[in-house]
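Working notes, beginning with the structure itself.
When the chains are written out, they are named A, B, C and D in that same order, and each has its own residue count from 1.
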Amino acid sequence: MKPRIEWEPKLVGFLCKWCSYAGADLAGTSRKKYPANIRIIKVPCSGRVDPLFILKALRLGFDGVVVSGCHPGDCHYQTGNYRARRRVAITKRFLEYLGVEPQRIQASWVSASEAGKFAEVVTEVTTGLKEVGPNQLFSEGRQEDGTKTTERS
Amino acid sequence: MEQKLRSEVKALLEQGKVDWIIGFEPGSLKFTTTPLITKDKNDAERLVINPFIVNNLANFLTEIMGRVGIVAKGCDSRSIVSLIQDNKVAREDVVILGVPCTGVIDLSKVEKLVGKDRDELNDIAREGDKVTIKVEGKKKGFPSTQVLFNHCLACELPTPKEYDILLGEPSPPIANLAAQERIEKLRQVAPGQRWAFWEKELSRCIRCYACRNVCPACFCQRCFVEETEPQWVLPAPRWQDNLIFQIVRNIHVAGRCTDCGECERACPVNIPLRSLTREMYDIVGELFQFKAGMDKDALPLMTHYEEKEAEDFFR
Amino acid sequence: MSGATNISPSRFLAQDNVYLPHIAVIERIIEETPGIRTFHFNFKDKKLGEEFTFKSGQFGEYSVFGIGEAPFCISSSPTRRDHLEFTAQRVGRVTNALHRLGVGAKIGFRGPYGNSFPLGYLQGKNLVFVGGGIGLAPLRSLIWNVIDNRDKYKNIALVYGARSPADLCFKYDLDAWGKNKTIKSVTTVDRGDASWTGKVGVVPKILEEVAPSAKNAVAIVCGPPIMIRFTFPVLTKLEFTPEQMLTTLEKRMKCGIGKCGRCNIGNIYVCRDGPVFTYAQIKSFVSSEY
Amino acid sequence: MTNSKKVNKKDVGKLLSQWSQEFAIFVPSIGSGVATMARWEGKDTSFLDWYRNTVIPPKANFLPPMEEMFSFRKDREGYNIELPPNGGKQLIFGIRPCDARALTTIDANFKDLYQDPYYLPKRSRAVLVGVGCTNPYDSCFCTSLGISPADSNDVDLMLTDIGDEFLVEEVTDKGKKLTAKTSGLKEATKDDETRAKEIKEISYNKVTRKINAEGIVDKLLAGFDDQDYWEKVAAKCISCGICTLLCPTCYCFDINDELVRQQGTRFRSLDSCAFPVYTKMPMENPRASKWKRVRQKVCHKFGFFPMNFNVIACTGCGRCIRLCPVNWDITQILNSLPVRV
């Protein structure tokens, strides 16, 4: 048997270019430690994030998604983050109803100066994902009892 | 009601107040009606109102040019209002012929009750709270709550609030909790099993898009499933892609869906789609106290916001 | 079926399966205009490359593996066989992917499909080529074919146009044909620029100016639908009969062999019975479909 | 001595068990939530009681809604292309005459010019055991298209309900070969055959919906450019794919690729002319308007297909009428075609 490498969750972060992305940048330049599990996609505004992106990320096998934007009131485009908030809220609730673990859909407000908060968010989300385990929502091979057996590649 | 409808329609067309009429005429199969879309005042005589007027005619509003007179049940009127909110239809371009609705008969429930297909039944008659079904020459009576569509049992607006002409006395909501039973049951199951449930249900989806195309809230010129750059989902019936299609469709129509139940009725492979749409309807109601199509002056759900709302899960 | 002429099934099936592509290698890429590229390719299997035959006007289905398939005509001439060519404009999923490929990339090819230009019918005749934009690609295969058998044909004229000088495709061919004394070649643009010294005007208009004689002539037209629609009346005015006008049509062709159903005009499948038709044939199809 | 056999209805399970040694048996089932031809579980024959016809037509067994054409993996040589394994032999039990005729009809398309390497092998390996309709739907109109609800023309074995038993007709050599190695079949009597004939006639007369298929090609071509007519009949259509995807004679398909971690698949899936994207090209769409798509659907089935293959691509199974969300009824359209003088 091959030696098992400990499973590490992979998550996508949709970060608003004005706040959260700058925050992540600052976390990097100020050498804040946070898990390397996140893949960052820069978006012009958290309001750009169509729930479809979240679903597509889950479909591609990512274990979780973080949508992050400016704090309420700070949106570069005035209202983008408020709209994102409504969208993420219904997406999260709806996916939970369908049976997706709540830890997989996460959201945060991170400003350009909050490098520490960004590191915290990524750490917390990664820890949460480790608890729920790999995303097998869209994998084939369901057992009679409803569990899935497919190993991740 | 039918007589009033016909004379009103005739008058509307004669006086040139509308260019088109959308209503119901008898269908070609037993116990069916079919949409009648016409400019001809002589067609007014074909219009009917009966317990089988299933379609949500608001669906046709976005594709017909000109002023339209439209026959609308409570749920249809909500879809029309929702389209007005979204600026897809101008209020002054529609003449709403409101039908106080007492519920529409779900033929698949009838089939289950009597164990016969719809074309084998002799007659279905509705009188108040009772429905009499004649099969093989024998009459059987049922309380109407047993044969109405679930979305009718859960209906909050049987009589249109927004109308130009009301065709009868307003009828009260039925408010029958049995309507929610299926969703409640689903909510009780463990998350993994719930996902498995949807996996199984959606695996028979044939991607005919009837659910999307009967939906008045789905008015996009081009749906994301048809995009090729990027290709979000495969344009082929595989459960993963079917499920993403349904999930995203529901999210996209959140705040527009009036729980008219057309998607589930149209589905040729019996996917319980209303268990998705109704849940979204409830989520929107709970989080934002928003009910689609109740107030034509309200802003569409996704275009506005409150300073403080739905934030508990934000870090 | 459908009374179509000169079609015969492709003999070059991979593993006897008509849907399986052969592997081909892109050998050279020419940037025709900012959105149009010509790809030179050869089969990976040398032997197949030697056996492979096609006729001017036929097309192939090209795969970018993992993205999908799209049909393009073979834009090189069967008389010049050190490689094959096709030309693609960046407009959709497959063509975007094609334009991302570099020299050495492997693509899939199956074909050749469809009918072809009726060489027998064209021989001994005066030929008038009318092309617009990327529509020169299928004509070009025939033009080189004709040039390489020059003695079999009478006078050759070409009217080719594009929106602007930058949108002209196959400039190297246009140069070569311009120098060729046996060809009357006219190039035009809808809108010129500072350095443009040639004709300015849309193709149908310039064609009317050039006014080729219809006597013993055949006009071969290919370009955007709007150009084709305006060119046929001009040719008619010049006394070309519908039988004397040829064109190649474009539809969405997924299978390339008349099975998948989407490229029909009436009972004619463009991929199977076409893509080359006379105007007489087109007029005989149910008219509002065209 | 007759040419037919018979079997007691109670023994159908025994027949299927024998056949399942050689074939993958498909029978009508609602196990998945919708009536379709599904793998027989090896016991239950109760479908004989409830089943009138499946919602999903048996064409799905030969032209699946989604089917792998080949897979490919990038290697040093380019791409390594692999064909999927050949499917086994299918035995479809209970196919209705209309659906069987539909298969014969679309065979023509898949044989034309090139032999389709996916559909045709499945067809030639399969055995069709038809069961005649005794209770056609009110939406059925097969008799107008030269099919009887108990027609045996397009199956290998034909079963007719004669009370407690089925009369078994051996229609093809394939059918004969199958019965020859099947135990439990009894010789049918002359009376059985007479009874079966009567039953067939009764069934035939139960189909009341009619179209006038005579001269239909000419009528369609004559009215082809009548935009007003087509716009009128198309008005209530919602451009969904129910009538085409669930039609037993609709064969149009789409081809797509998928790439997951270097492993690619090309597959084909059913497509529908009702969808605007079906014919969409980057620059234009020849059938962008709804009336043109509706016209294409009607004219393909009743005009172009018969022009090319001499047979109407409709067998009157009535699915499109039964399942349409807006009750768009093709028989009404065909019976009201504009007449040009």
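The rule is simple: contacts are C-beta pairs under 8 Å (C-beta built on N, C-alpha and C of every residue); 3 or more make two chains touch, one makes a residue touch a chain.
Computed from a prediction, not measured in an experiment: that's the story for all the values here.
**Student:** Quick check: more C-beta contact pairs in C-D or A-B?
**Tutor:** C-D
**Student:** Measure off the straight-line distance from the CA centroid of chain C to the CA centroid of chain D, and report it in whole Å.
**Tutor:** Roughly 39 Å, centre to centre.
**Student:** Just how far, in Å, is the C-alpha centre of chain D from the one of chain A?
**Tutor:** The mean C-alpha positions of chain A and chain D differ by 46 Å.
**Student:** For chain A versus chain B, what separation do you get between their C-alpha means, in angstrom?
**Tutor:** 35
**Student:** Find every residue in chain B that makes contact with two or more other chains and list them.
**Tutor:** Not one residue in chain B touches at least two other chains.
**Student:** Show the residues in chain D shared as contacts by 2 or more other chains, in ascending order.
**Tutor:** Only 254, 256, 258, 271 qualify.
**Student:** Give me the residue numbers in chain C that touch at least two other chains, ranges are fine.
**Tutor:** Counting only residues that touch two or more other chains, chain C contributes 92.
**Student:** Following the definition at the start, I'd like every touching pair of chains, please.
**Tutor:** Applying the touch rule to all chain pairs gives A-B, B-C, B-D, C-D.
**Student:** Contact residues on chain B for chain C in the complex?
**Tutor:** 228-229, 231
**Student:** List the residues on chain D that touch chain C in their complex, please.
**Tutor:** 69-70, 72, 74, 77-79, 81, 83, 109-110, 112-118, 221, 224-225, 227, 251-259, 264, 266, 268, 271, 273, 278-284, 286, 292, 296, 299-300, 303-305, 307-309
**Student:** Please name which positions on chain C make contact with chain B in the complex.
**Tutor:** 92-93, 96
**Student:** Report the residues of chain B in contact with chain D in the complex, numbered from low to high.
**Tutor:** My answer: residues 27-30, 32-37, 55, 59-60, 63, 117, 119-120, 200-201, 203-204, 206-210, 212-214, 226, 234-238, 262, 265-266, 268-271.
**Student:** Residues of chain C touching chain D in their complex?
**Tutor:** Against chain D, the touching part of chain C is residues 1-2, 7, 9, 14-21, 23, 25, 44, 63, 65-69, 91-92, 95, 106, 108, 224-225, 250-252, 254-255, 257-267, 272, 286-289.
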